[in-house]
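The structure under discussion is supplied below as structure tokens; questions concerning it will follow.
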Amino acid sequence: MKATLKAEAAAAMIPDGASLMIGGFMGVSSPERLIDAIVARGTRDLTVIANDTAMPGRGIGKLISAGAVSRVIASHIGLNPETRAGMIAGEIDCELVPQGTLIERIRAGGVGLGGVLTPTGLGTEVEDGKQKIEVQGRTYLLETPLRADFSLLGARQADYVGNLCYLLTAHNFNPMMALAGATVIAEPEAIVPVGVIPPISVKTLGILVDHLLRALLGKGC
Amino acid sequence: MKATLKAEAAAAMIPDGASLMIGGFMGVSSPERLIDAIVARGTRDLTVIANDTAMPGRGIGKLISAGAVSRVIASHIGLNPETRAGMIAGEIDCELVPQGTLIERIRAGGVGLGGVLTPTGLGTEVEDGKQKIEVQGRTYLLETPLRADFSLLGARQADYVGNLCYLLTAHNFNPMMALAGATVIAEPEAIVPVGVIPPISVKTLGILVDHLLRALLGKGC
Amino acid sequence: MDAKELIARRVAREIQPGMLVNLGIGLPSLVAGFVPATSGVFFQAENGVIGLGARPPEGMEDPHLTDAGGSFVTAVPGAASIDSAMSFGLIRGGHLDVTVLGGLQVDEAGHLANWKVPGKMVPGMGGAMDLVTGAGRVIVAMQHVAKGEPKIVPQCTLPLTALRRVDLVITDLAVIAPTPSGLVLQERAPGVDLDQIRAATAAHLVIPEEVPEMTRPGGRHSPGNCFGKG
Amino acid sequence: MDAKELIARRVAREIQPGMLVNLGIGLPSLVAGFVPATSGVFFQAENGVIGLGARPPEGMEDPHLTDAGGSFVTAVPGAASIDSAMSFGLIRGGHLDVTVLGGLQVDEAGHLANWKVPGKMVPGMGGAMDLVTGAGRVIVAMQHVAKGEPKIVPQCTLPLTALRRVDLVITDLAVIAPTPSGLVLQERAPGVDLDQIRAATAAHLVIPEEVPEMTRPGGRHSPGNCFGKG
């Protein structure tokens, strides 16, 4: 059983300079309260690994606007002009990774693989500096694992063991990031008693989740 | 929507010499009716890729007993003395693969990766003949993808789109094998109308399933 | 019929019943409107759903169900939700039958450039590189010319999306099939003649003796029956 | 107390509240009986469940819920079922805190051999190689001697399971910690003296001045309180 904590307490665990994997796709299923708390705290020099940087005012976009982020590893930043401006100004170091490669690198980091071979990116800018390996007569790029100090997840439902469920397109990067963060903090919309989530419905195992944000009850916290 | 077919019709698609991935773990969640139909048909010289060969009289064990299998790629054959006898007699060629490596090789074949790097097997017999690759200062074995002509799956429930659900420990190798067979045949215990399985409960996507065995209704077929 | 609708309708005819299809943002997303709901086609949104449906009625939007562009969508009966590893596993693993993408340039080798204009547009490739590398068929749906500049060129000057030769290019002027022997002009838009196409194309086109119009009598598709099976 | 129970009880004391633990078939599986249900320990069965419970009452077995040996089990509240890719992802990815495995040989380098006796026993390694490679801690639970032959040897003569040095060896005679400077004798079984252990061990043992008995007064574990927290 896990004690739940407030967003401020969770944000206080994250030091300047930390690397964060943050779930969500264009802000869908990102941990919004946790992000707000990091912004409020004024944490700096963060590395963010995520599919995208959402847009100003939403999800990871709020971290970008706050100037909290010095490095981004993402597949797409096109809908956030502030990320682009930060990149051009040299304030944000951006590594752009094909989406399928990004999720496999995160998975590899999470499941103890030293890397994966993918055909994606061959013959493009993406192959620069990467090892090429031939297998069964085809050439692949060796893509290396990603891990982070923290994984910050947004989920629909949790139980007090830490098991998580997501709805529909709100899974996205969350389940794999749960495997690849040294410390995993989950922000569920609701928490239910242990045993209420059927074993076949769990999408992120409670044993992977270190901290659970207290759910909002009505307007209070 | 997929028409359903009888086990005999499905078995008739599988020629002598075919390679089969067969789901199940010690027979749990193997497609028993399909296996029975292959045995009845007398198909020969099959390659079976599976976690294990179960035991005589159960799951893949029935194919071994029938002399239908000339090659096995598995992590464990210890509970089937007939597989061992066939191996010693030179009738069955056995490749033994660590379980975590086996499932990753199947996944790689299914998701279009050219291979994965794993630390498992380093310094053991498993590394013989394999490429070693260093990443971030650690050494890994390059393990190559596996695919098969057919994947034969056992599932709890299907809908007529072909979406599949499994119960508890009956998932095992089935979901990854669904990705790695050129033709995928699923044997559900029950079939429900389209729309009955919630989108978040689908564990194998219907678009991966080519053929669906008719479910047993009462005693009839 | 405007140019975008023309293109979308023509792309829709490439989609066969039962296929799994991924439509890019923008013009390609219009294609769904011309594929009959009864065809058993499943649309993928790479952010995590197989069985994407139309926009929901007002007031019935759900923040947990959006497409890759972040727009609210619905799910059809038989839909399934998946995480990003499975979503791109499907794409890279060859389980996606067709992807329809926009393009900045296509060249004589059939290479596509559609993710970057150095110094101008650097949004990141998102899923484009995986889609072009892994999909069963890659269809590029785009305007033939952008701001007076031909987009079908001898060799892409913009960064490539993949080494893979795309399968079909459908524009407001023509249908062009990249092949090992070059770009073959297969169809022309209604009322468009060969000179117009040549003038709007920087690349060399292989032009067969007969180049029919896109929407032709007796074809698989006729006006007023846009929901007929491909 | 028989030898197996002695070993199982001693292993159980290595398991801390909240851990994720995988128990091998046979002797290691007995450990679960000595870990308190209230400790929040989750047991993994690598065939696909986190939160393995006890054997079900007769008549309540379910063919869809078995352990890796194929025996019927139950699932505790908060359990989750997973496929084999996730199961071994947990193991190889370092998410499993402890694995308890049987052994055929352990040597002075701390190497374990437990999956093959060439020409005699060739069942396949199953999950053993991943477990020894990836688990947070590897505990070998075995008889000290098999059919008169020492199992703790200078160098394994049987094929290795992994290059990784195991963390602890618990037998019916002793608790031994493989370290960079050799096999350190940490505890002896009740009533067993050092000469007995030396005689039953082919490997060189590093023997500290004091080697307490496994079950000692004031220790973390006492008879009659086998369900006390580790």
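Labels for the chains are A, B, C and D, by order of writing; each one numbers its residues from 1.
Assume contacts are C-beta pairs under 8 Å (C-beta built on N, C-alpha and C of every residue); 3 or more make two chains touch, one makes a residue touch a chain.
Here the structure is a predicted model, which means the values were calculated and not measured.
Peer 1: More C-beta contacts across A-C or across A-D?
Peer 2: So, comparing the two chain pairs, more contacts are at A-C.
Peer 1: If you average the Cα atoms of chain C and of chain D to get two centres, how far apart are those centres in Å?
Peer 2: The computed centroid separation for chain C versus chain D comes out at 56 Å.
Peer 1: Rounded to a whole Å, what is the gap between the Cα centroids of chain A and chain C?
Peer 2: 30
Peer 1: Just curious, how far off is chain B from chain A if you go by their C-alpha centres, in Å?
Peer 2: 33
Peer 1: Give, as an integer number of Å, the spacing between the C-alpha centres of chain D and chain A.
Peer 2: Chain centroid spacing, chain A to chain D, equals 35 Å.
Peer 1: Two or more other chains in contact with one residue: find those residues in chain B.
Peer 2: 104, 107, 112-113, 118-119, 166-168, 199-200, 203
Peer 1: Send over the residues of chain D in touch with two or more other chains.
Peer 2: Expected reply: 49, 75, 81-82, 85, 88-89, 91-92, 134.
Peer 1: Kindly provide every pair of chains that touch.
Peer 2: Those chain pairs satisfying the definition are A-B, A-C, A-D, B-C, B-D.
Peer 1: For the complex, which residues does chain B have touching chain D?
Peer 2: Answer in residue numbers: 25-29, 51-52, 74-79, 84, 87, 96, 98-101, 103-104, 107, 118-126, 156, 166-176, 203.
Peer 1: Flag every residue of chain B that touches chain C in the complex, lowest number first.
Peer 2: 1, 107, 110-113, 159-161, 163, 179, 194-195, 199-200, 202, 205-208
Peer 1: Give the list of chain D residues in touch with chain B in this complex.
Peer 2: Counting only chain D, the residues touching chain B are 45-49, 62-70, 75, 81-85, 88-89, 91-92, 116, 121-130, 133-134, 159-163.
Peer 1: Taking the complex as given, what residues does chain A use to touch chain B?
Peer 2: It comes out as residues 104, 108, 112-119, 131, 133, 135-136, 138, 140, 142, 144-145, 165-168, 199-201, 203.
Peer 1: Which residues, counting only chain D, touch chain A once they are in their complex?
Peer 2: It is residues 20, 40, 42, 49-51, 75, 77-82, 85-86, 88-95, 134 of chain D that touch chain A.
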